[in-house]
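Going in written order, the chains are labelled A, B, C, D, E, F, G, H, I, J, K and L, and every chain counts its residues from 1.
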């Protein structure tokens, strides 16, 4: 595997383009570009880069996961609403066979009962929920650690 | 609040004293003292210290949570088997009113169905599962971040 | 808010482009353009105009709802099949925070059991089912009445 | 059928005599007589008159529905609490074989889980919920439209 | 009906573009183009031709089904992940009113519990599961037989 | 394994002796002997012969499956009513360890809810439902294909 | 006990006053007075008389059952809609401690699922359903037989 | 239909050969031959004869039902334990298309929960439970009445 | 509020008029008038008087609760059978907005499963079950204590 | 039995040592010692004394119940969190065979669904919930009344 | 009771004739004759003899249980697949009223969910599962001990 | 492994210290020391010794299981009440990885529904229930047999 494949695919599900705007009580005030800048910085400090993709279309998410199969080493995914309804995204993740870390900004256990079920959780390495943007940031660290066999926080170089 | 109260209570539930020994397929090979050393280091880098407690006794866990109420700023808890059966620990956490982050070494969504339900999850800030010892390490960062209003990885000082 | 924002977004879910064609036993014989003409007339008589959108794509419906957030005062929605499966549309409606009235042409309580559950109903102002095109027409009156604090039928001016 | 049979039976279930008084958060501030005056006006504009009946007694409601069988052309019913518990009212409506429109002032999908089930919904033409008094007013229009084969708002004569 | 309408629409749901690549344990090693070549040959031997469509987008599948309504005599569908979640595809199939045969490469009864429910099965003529590519090939024969009133294997001409 | 073992056991469950007689709406008009003649022809064209057995006795079906263990290469079974109630037949099929294809003349998904559960489906290679006698004919092809590693329709020799 | 207490209380639940009128498909064409005449004749031939009571009011039914406690030797009851919803009638029957036979004109197992549950069945001697007026007539024989220790048809005297 | 076809098939399920012996608390003290003698007498008084069959074998019961299809006008059945487990008997009854009355000696609503479900009840004319041998005797009257359009008790000739 | 409004409404549900008579195993031997005399004495000792109402009619209970809204300070209710079936009484209690204490003579947790659910419990201050007449007597103390901010037993004056 | 055995065991479950401190919204402001003082006074006025025990340890509660078996005449228990999870306490109560009254400070019917189930309720004499400290005080009166055959409030001596 | 009645009936359900052949992973390698020889030896050492019966026919098992009613003192039964589906065998065991010990070679709690339910367990003295042939051997000791009032291992004579 | 490790850990759950005292109807009259003496004798005859531990504390049971991990060859456990509620004991048993046999004195299938579920059964070798002290005695034989590859009763040496 070549060096430039040290990439992580970051997938954002539906309505996350509104982050920082909609329902700050549930989702906080940081916007998606701000989150991605921070993700890029963290990835960089660990020798990785990120490829981000947000879509409100289930099919587009499926296809992007498929398309990156050969180009990335893992998937950090916030499936948002599709967490609870999309077998297609589950199947796409199963098909590419990459390690997956699932993240949620809000605590899905505090909300409507239907939000407790995830079609991704049992095929992921692990899941982080309720930590706001930290779900992404720490989830990224966990994913790279998992891939590299690292543990804990990235060491200052 | 005095300076020395910058403490986090770390609670380990039943059988975690065997960590690194029992069922490494589910729980990994790191021992509890090793995890606690790393937790102390991370806490230290963020201006905190940790107070750890492992017990196989539900009542002892309840009492330690009660006892630390005035002495810590948050609780990092791996309730282990009591996750699924203890309303008493839930009530102790509700009683002390401190922010809680729940962690699990293994992916509870991949195991027996009864492990999917947690009596802590909906009263916690958030939950990290399946990340091995990183569930603890990143969970600690998330908890201190939550308390301090920080976000992301601790900055090298 | 400027005057030209006296607009209602009318959302039609999947397969409603076939209205008047498919299964007249369930859905009647009026076509979508005919329904929209009547909706426009009713809206006009109440000082409003309508913006209509039909799509068979869940993501497209999500995005249109997002896009109209600043431009309309309420949403009249017939989510059709997505009523029962789309958390993404629910989340989009929650995100824009506009008053919603949900309508169904057929009586969803008389059909397959899965059609009784709606992901929209509990976040809507109200729901009209089984009234044929009147579900739309009267739903529009109800929505504008709700926004304006009116009640009953629009008064002849 | 004679001309004077252009009547609609309006049935109000238990506790609706308190309308405008009890729990305005759920049920609004309009009283039952005020609602009935408006209903009469709307019916009149459509060539109909209404016959109203409120009772807190399930049996009385059953008997009034039976008694009007030959005298009215449709039933507009807010079964209130009996929506969820009365098979007897369902059977009375089945027995008279008249078209029924079911209305609820509040959004039954937002309240206790038991309020989501209606013994009337699947035998009614349709159902309007959550629109406040408009559930009645628009429900009446829908019912007369259904009977007459009309559609949309009554035309100014 | 003209001669050139002796066509069958073959619909492939999400992730089937990866066939032959992903999870060969579940789905086998034949690719989609290989399957379609064989389908075309079988159809040809029975006096039919096939029109194929694969999409990862639920809406695109809905629209293609709608679009072919007048042009084909039946639908052979492998809804893949949408089998379990799409009421919209069900409604599209209901709307076009064509005979449908549902096929699955893998045995859906041997996998996760959620895969046992199909939104298509009860509106289809029949279902073939677990036969690998034969689910398609034999399903096509069954569909044409159903349309033509044939039975058994196509006769050598 | 000797040549004469190229045999398939065809098992017909209870009431199938009435085929062509009872409820033609569900089961069609072809009789069991007619179906078996056609099965024999298809098998013959693929180098196989069939051994058929119909019984209304659960125990007799169990025993015939046991008895043929060494003599056949696969089982084509229509368990009829025992599909839904017989663990004994399931256990017999498990015991003989032969490949099984399950067939149903009618579409079991369109009938009473209890007909949707099969004690055979998850231990079979696959299942064909709703295709009338074609369920048998195509199921036989699928079974021999599965045994021989063939695919598609038998080639004219 | 005096001779004139050889009486049976016959209870008819809500809407049964419409018998012979409403929904003859479910309930047949015999009216309640006709049924009661026949019941009186059968009772007479067995040395009993009947006391009949029909009400649409749950409370009235409760009170009549209470009132007859000392005056009758058994209760023949068709609770109609209250079969499925009335604990009060169950409690009244328990309170009077008389033998009860429950009857239904229509087959409650063929109708809506909620009609399968009876609050009376497990405290009754037995239940007759689906036999039309014969449910009453034969139920009366069964009840008197049960009281008298008779069996079979009343003997011609 | 010839005169000698005025016959009723009386089917007794498993363990009923022990009647009068086993568990008299549930089943009474009358033996099966005694019951059959009385049934014959009642049938005779109504111009019918009975054909009785008891078996502990599900398959034998199925076959007898099939065999009598052309020879009897109705089936009086006490399926005993098979009531709750036999789809095969249900299918046999559906196949012969004769009117069926289902009887139970004991009150199935007072016993184990699994005894409340019957695979026969919804395809029968009606059901009599809990009346001891009277379930048979009155059930026979009901069945012949149903066939002949009679009602009430057989008239003394 | 005037002095004479120091009144408590005591509501007794259906069949409680038989108290002391029916089923003493469940309900004890004290009659309703005896209980009310004792209630009056206790109320008197606490500066209150009681207004009692028993009815077997759900509607009558609803109306009495409504009627006393302005005249009493709290409701002590034994809804008896309506505990488990009456949303109308629940709604009446919600409508009057008075503090409610729910009492049951017998232990509802030891009886039929349906008696465990109460439509009143979650809107009451509290519930006393299984204490016989003490449920009433102590419930009255609890209710007046709740209203007055008292606690424990009434002090001897 | 000697005079000094006129004792009641009062058991307080986990976290009740925090009473008056934690969550006053649910549990009020009285502390456990204050409650016990009042309990002692009430018991004294009725000729009894109390023995109190609070523990956060399920096993300790079990052992204390066992140990007091011969020394007390009844048990007043607030099992707190163990209400919902401890079969061991249920078994200990069953083992000692003493009369038990179960009390809860808060209304368990208004809180999380899991709090509605009690492993004690169906083996207790009765249950008092939602009355704050009065649940204890009145529960004690009820328990002693039950033991002594008293009824109502203790008489001033 | 004569001496020669010191017999135990040993019942083996369907497919157990294949023991030692089918699925040794679940059922081990000992054959049924080998098990019976050992059972005979154990019985002999305790003064008993065994009567064995294996059948794949539910009805045959029912009849053998009936037939041995007077001739044996207890039943050792491995109902195999009929454990989960046969009410008829349950009823036969209830009818003969003999003590029953139920045994399973494999651990039914580790297999498919439907194997956890037994129609025999709650009417048996006890159950042994998962011990391989020891389930039979030790079950026989337990059964004879139960009959004789013995306990523990048979004493060497 | 040294000779002195031929030991079996015998674990007795909560309330078993009362054996022979509490509820003899369920648990018999033998005391725990008596059972242990007999167990020691049986073990001795098979070349083993036993280590016994009873506790009412879940945590103490967990710790003893952990502590004996290296010192015993198997665990004979009667988890009593913790059977149904303790995931911690399950996890301890999983952690030590020793063969486990689960025993119950009473027949858990005849009691409250919650006693049918065991957190131990599916991780044990097997389970014996309902045999009184024989559950222990025969369970010990089964466990040692399992460890040693023996079968049947211990041979007299």
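Here is the rule we go by: a contact is a pair of C-beta atoms (placed from the backbone, for glycine too) under 8 Å apart; a residue touches a chain by one contact, two chains touch by 3 or more.
All values derive from a computational prediction rather than experimental measurement.
To fit its Cα atoms onto subunit G, subunit F must turn through 120 degrees, a value rounded to the nearest 5.
When the contact pairs of A-C are set against those of J-L, K-L or E-F, over half line up by residue number only for J-L. Once the centre of each chain is set as its mean CA position, subunit C and subunit F turn out to be 50 Å apart.
Centre-to-centre, using mean CA coordinates, subunit G is 33 Å away from subunit I. Centre to centre, using the average C-alpha position, subunit E and subunit H are separated by 47 Å.
Those residues of subunit K in touch with two or more other chains are numbered 57-60, 85. Contacts between chains, counted with the stated touch criterion, involve the pairs A-B, A-C, A-E, B-J, B-L, C-D, C-E, D-G, D-I, E-F, F-H, F-K, G-H, G-I, H-K, I-J, J-L, K-L.
Subunit A meets subunit B in the complex at residues 30, 38, 42, 45, 101, 107, 109-110, 118, 121-122, 124-135, 137-138, 141-142, 145-146, 151-154, 156. Those residues of subunit D that touch subunit G in the shared complex are 57-60, 62-63, 66, 85-88, 90-92, 94-97, 119. Looking at the complex, you find that subunit G touches subunit D at residues 13-15, 17-18, 21-23, 55-60, 80-85, 114-115.
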